[in-house]
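Same chain, two partners: chain A is paired with chain B first, then with chain C.
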Partner chain A sequence: MSKVREKVLFAFLGIPTAICLGVFFWLASVLLSGFGTIKWNLLTASVLNGGYLEMIVGSAYLLLGAAGIASPVGVLAAIYLVEYAPRGRLTRVIDQAINNLAGVPSIVIGLFGYTFFCRQLGLGISLAAGWFTLSLMMIPIVIRGTEEAVRMVPNAFKEAALALGASKWRTVRSITAPSAAPGIITSILLGIARVAGETAAILFTSCVLVTRGLPKSPFEPVMALAFNLFVKIVALGESPDKVFGIAFILFLMVISLAAAATAFRIYYRRRQPWLK
Partner chain B sequence: MVKVDIRQLNVWLKGNHVLKDITLTTKENAVTAIMGPSGCGKTTLLRAINRMNEIIAGCRTTGELYINGRNIYDGETNVYELRRSVGMVFQKPNPLPKSIFENVAFGVKIHKMANGESLASIVERSLKEVALWEEVKERLNDSAFSLSGGQQQRLCIARALAVNPEIILLDEPCSALDPIATAKIEALMRKLAEKYTVIIVTHNVQQAARVSDYVAFLYLGELVEYGPTKHVFENPQSKLTERYLTGEFG
Partner chain C sequence: MGFRKRGMSHFLKRLKAEPVEVILFLCASSSIIFLFLMLLFIAKEGAQAFLTFGINFIIGSVWETNLDLYGAFPLIYGSLMVVAGAVVIAVPLGVVTAIFIAEVLPFSFRDLIKSLIELLASVPSIIYGFVGLLFIAPQVARLFGISSGTVALTASIVLAIMSIPTIVGVSGEVIAAVPRDFKDAALALGATKWQTIKSVVIPTAKSGILASIMLGFGRAIGETVAVLMVAGNVALIPTPPWNYLSPVYPLTATIAMQMGEAAVGSLEYSALFGLGMILFIVTFIVNTLADAIVKRESKFRSGVK
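Entry: the complex of A and B
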C-alpha cells in the first residue's frame, strides 16, 4: 500500500521535470528558428541597411558603462561592510536595504532613473542615464557576490599579514582583495548578465528606436537589442518571427556572459586550494 | 636581561575574563614555554604580547606589558612597528597565497625595509636561518602551498625572521605536524634562542621540557607557577602543577 503511494508521489514529482524539459525544447526550437533567420553579415551592418550593429554596440556600451559604475561602488561597499563596519543594528538595516534594492521591479527602477537621472539631473534620454539606472540593478548583485568572496578568504591569511605588522588597509589591499578577486569578477559578470536583457530600466532612460550611427557622447541616446525587440512587437506590431534574429543575439549575449562567469569560477576554484 | 615584563595583565574576550592578573617576566635569548590545558588562556597571553587580541571585536585589556622597558599598552605604541619586532607563528602553518619568495618578502615590503638585490639577500638569509634554503632555492617562485606542512611552518618562521624581530612568539607550532617535522622545529627553536627571545605556547608537557629554559603553567586564566624549566619539572611548588606534569589532567 505504502509502496504504491510512494510511486504515485514520485510520479507527481516527475511532472515539474517534464514541464521544464518541454519548455527547454520549445525554447531550443525557437532559438533554432532564430538561428535560421540570422544573416551573419548583418551583425556588422548598420541598422540603416537592415543590420544590427548599432543595437549590439549600443547594448555593449550600456552594459560596460553600468558595470564601470556598479563595480567600484559595489566592491568597495562590500569590503567596507565585511571588513570595517561594526556589526550592529545599522549594518542589519543596510543589509536589508541591499536585499530590498535587489528585489525592486526593474520598471520601478526605470521610472526612478527617468525622474532622477533624466529629469532632475538633466541627463535627458541618454547613454549616461542608462548607465546609472542599470548600475542601480547591478550594485546589489555585486555587493552580495563580493561580500561572499571576501568572507571566503581564510582568516589565517589576514592574521598572517596583520601579525607581520601590516595595517588593516594594507591587508585588504594585498591579501584579501587579490584572494577574493575571482569571486569578485564572477559577481560582476553575473551582475552584467542580470541586466544584459533588461528592457524596463532602459525603456525611458536611454533608448530610441533608431539612431544615425553610434552615439558620439554619453549624453546621446542609444539603440539596444532588448528595447528594439520590445518596441518592434508592442508598438510597431511586427510579427514575432521578424524579430527572432534580435532575440537570438540577445539570448546568446546573456548566456555567454553567464557561461563566462561559471567558467571563470570553476577555473579559479582549482587554483585556490583553500576554497576546498 | 628582562625582555618582556608583564604586570597585572587582565584580558576579557566577549565578556569572559580570560586572563587574571598575570605577572611574569621573560628573559632575553631564552625559550619560555607557556603550558596548560586547553582553554586556560595560553594563546590569549601570547597574543597579548604583540597585541593581536585587538583584532577580535569585544576584547578588553588592562594592566601593563613592557618590552625593552616600554609599556606597549600605553596608547602611544605604534602597533605595526610592535608587530614587526614581535614576530608570530601560528598553530596551523598559514603561508600567504603567494610564491615562496613573496611570502618571505611580504613583511620586508610592507615595512619598506629593502628591495631588489637586498630584498633577495634578506629572503635567502631568512630561509637559511630556518634551514629551508637548500630545499627551496630552485623553486622560489612556486606557490607556498606546494610545500609540505613542516616546510610551510618553517617558511612562516622565516617570514617572521625576515623583518628583524627581537621576539618570536610561537603558538603550538608543531600541533599540526608529524614527529620528524616537529623535531626539526624544536631544534630550530633552540637555535633561534641564541639570537632572539622565544616564547612558545604548548599543551605538550614533553615539548615544554625539551625546548624551554623557563616554563609558565597557566590554569583557568591564572598563572599557577613560573620558573626555570628544570626547577618546575623536578620540584613543582604547586600541587596543581604536579598533577598536570604527571598527566593527571590536561
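Entry: the complex of A and C
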C-alpha cells in the first residue's frame, strides 16, 4: 500500500473521532446558548420567587455530604489495597466487588437506598439518605483513583521512611498520602462530578419538588437541580424550553467540576517530577 | 512492594503491630458488604412478585398496573432492543475512535482529545435526555414522518452517544497497553503503519476491546433517566418486533416512572423491585465477565514480558 493511500485511509479513520468531538461541541453549544437567556439575579433568588437558590444549594449539600462519606472510606480502602492487603483470594474478591459496585445501575442503587437507608434505617426521604445513597456511587471512583495515585509514589520514598525507623502507618501518613494527595483530590473531584447530575439515585431517596427554605437538618428532604429538571419534564410535562435554565446551570456545574479535576491533575503532574 | 508480607498467617501478627489496619480493612470491605446488602434487600422486597407470578414474571407478556398483572417480558425486550441499537451505532464509532487516538493522532493532540472525551463522559444522563427530547426526537419524527419522535430509535441514538466515552476510554487503555516491542517488530519487518495496526495491534487488543464493549453494554442497560425521556414508555412489544419507530418501555424507565405511585408493600412495589433484581443480576454477570477478560489479558501480557 502506498504512503498516500495510507494517509487517505487514516483520514477516513479520523471521521468517527470527528463525529464524537462534533457531538461534544454541539452539546456544549446547545446548552451554552442558554448563557444569554439566564437572568443571573435568579441564581440567588428563592424558588418561591422563580429563582434557583434552593436547588443549587440543595445539590451542593447533597454532593458535599456524599463526598464527606465517600472520601475517607474510599481513600482508606485504596491505601489498604495497595499497601496492606495480602495477595490472596479475599483481596481478589474485594477488588472484584469494587468493580461490581461501580457497575450497579444507578436506579438499582436508588431502589436499595430507598428500602435500606430510608425505610430500614428510618432516615425517611432526607438529605442524609441521599448522602449515603450517592456515596455508594462515589466510593468505587475514589478507590480506583486513589489506588493509582498511591501506586505512583516511588518506592524509594517509602523505603527511606521505613529505613529511618518509621512504622508502616507512619510512612503512609507522612510520606505516601501527602505525595499522593493531588491524585487523591483529583479522584474525589471526579467522583463528585460523576454524581453531580445523578437523578435516578436520588429520585426516591432524598428530594422533593419544593421546600420552604433550605433544609435545617440532614433529616429533612432537599431540592436538587437534577431532580427538579426530571420531575418538571417527565411528571409535570412542562415544555423543555421552560426548564432550560435548570439544565444549563446543571451542565455548567458538572462540566466545571470535571474540568477542574482534569486541570488539577495536569498541573500537579508537572509539579511532581517523579510522575514522569 | 518490598515490605508487603504475604499470606494470611502473618495477619494476626501485623494486626497487633498496627491496629489501624482493621479500620482500613473495614473500609475496603465496604464494597462487598454493600453489594451483599443490596442483593439481600432488593431480593426481599422483590420476592412477592417472583412468588406470585413464578416464571411468568420474566416471560409473561402483559405488564398492566390496573389489572395488577406484571409480566416483564415487554420491558426486558424494550431494554434489549434499545441497547442493541445503541451498540450497533456506538461500537464501530467508539472502537475506531480509540484506535485513531492511540495509533494515528500525533502525540501532542492525544491528551487534549482524550480529556475532551472524558469530559463527555461526565455529562449527566438527564442532560443527554433533555437534549435528546428537545433536539433529537423532533428530527427523528421529521425524518421518518411519524407523529412522535420518542421511540426506540431515538433512545438508541441517545444511549449510543452516552456509551461512546466508556468504549473509547476502556478500549483506548487496552490499545495503549499493547507492548511497544510487538509494534516495533512488525515495523522492522517492513510492515506499514496500517498493516501493523491491522495485524498486530487489533488482534492483540481484541479481547480487551470486547471487554470494553461489554462494560459499555452493562452501563447502557442500566441507564435510566436519558432513556426514559425519549423512549416513549409504552409497555408493549413493537409490531413487528424489529420496528425501531415504535415506543418501548425499558426496565429502568418502568422502575423510575412507577415507584412514585406504587404503595409500599403492594404487588406493584414488589414487581418493581423484581425488575431491579433482574437488572442487578444481569449487570453483575456482564461486569464480572468483562473483568475476567481484562484480567486474563493482563496476565497473558505480563507473562510475555
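Heads up, the rule we're going with is that the second predicted complex is superposed on the first by the 251 of 276 C-alpha atoms of A that agree within 3 Å, B and C clash if a C-alpha of one lies under 4 Å from a C-alpha of the other, contacts with A are read in each partner's own complex, and residues count from 1 in each chain.
Following the convention adopted for this analysis, a contact is a pair of C-beta atoms (placed from the backbone, for glycine too) under 8 Å apart; a residue touches a chain by one contact, two chains touch by 3 or more.
The model shown is predicted, which means the values in this text are computed figures rather than measured ones.
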{"item": "Chain B or chain C, by number of chain A residues touched", "value": "C"}
{"item": "A:163 touches, of chain B and chain C: first, second, both or neither?", "value": "first"}
{"item": "Touching partner for A:106 - first (chain B), second (chain C), both, neither", "value": "second"}
{"item": "Partner chain in contact with A:267 - chain B first, chain C second, else both or neither", "value": "neither"}
{"item": "Touched partner set for A:196, first chain B, second chain C, both or neither", "value": "second"}
{"item": "First (chain B), second (chain C), both or neither touched by A:87", "value": "both"}
{"item": "Partner chain(s) touched by A:14 [first = chain B, second = chain C, both, neither]", "value": "second"}
{"item": "Chain B versus chain C as contact partner of A:77, first or second or both or neither", "value": "second"}
{"item": "Partner chain(s) touched by A:31 [first = chain B, second = chain C, both, neither]", "value": "second"}
{"item": "Residues of chain A at both interfaces, chain B in one complex, chain C in the other", "value": "86-87, 159, 162, 167"}
{"item": "Interface residues, chain C side, partner chain A - complex", "value": "1-8, 10-11, 14, 17-18, 20-21, 23-25, 27-32, 34-35, 37-38, 41-42, 44-45, 92-94, 96-97, 99-101, 104-105, 111, 113, 115-120, 122-127, 130-131, 133-135, 161, 164, 168, 192-195, 215, 218-219, 221-225, 228-229, 252, 255-257, 259-260, 264, 272-273, 276, 279-280, 283-284, 286-288, 291"}
{"item": "Parts of chain A lying in touch with chain B, wherever the complex brings them together", "value": "86-87, 154, 156-157, 159-167, 170, 174-175, 178-179, 272-274"}
{"item": "Partner chain C, residues of chain A touching it in the complex", "value": "1, 3, 6, 9-10, 13-14, 16-17, 19-21, 23-24, 27, 30-31, 72-74, 76-77, 79-88, 90, 93-94, 96-109, 111-112, 114-116, 119-120, 136, 139-140, 143, 155, 158-159, 162, 167-169, 190, 193-194, 196-200, 203-204, 226, 229-230, 233-235, 240-241, 243, 247, 250-251, 254-255, 257-259, 262, 266"}
{"item": "Contacting residues of chain B [partner chain A, same complex]", "value": "50, 52, 55, 57, 79-84, 87-88, 90, 92, 94-97, 106-107, 110-111, 145, 156, 159-160, 163"}
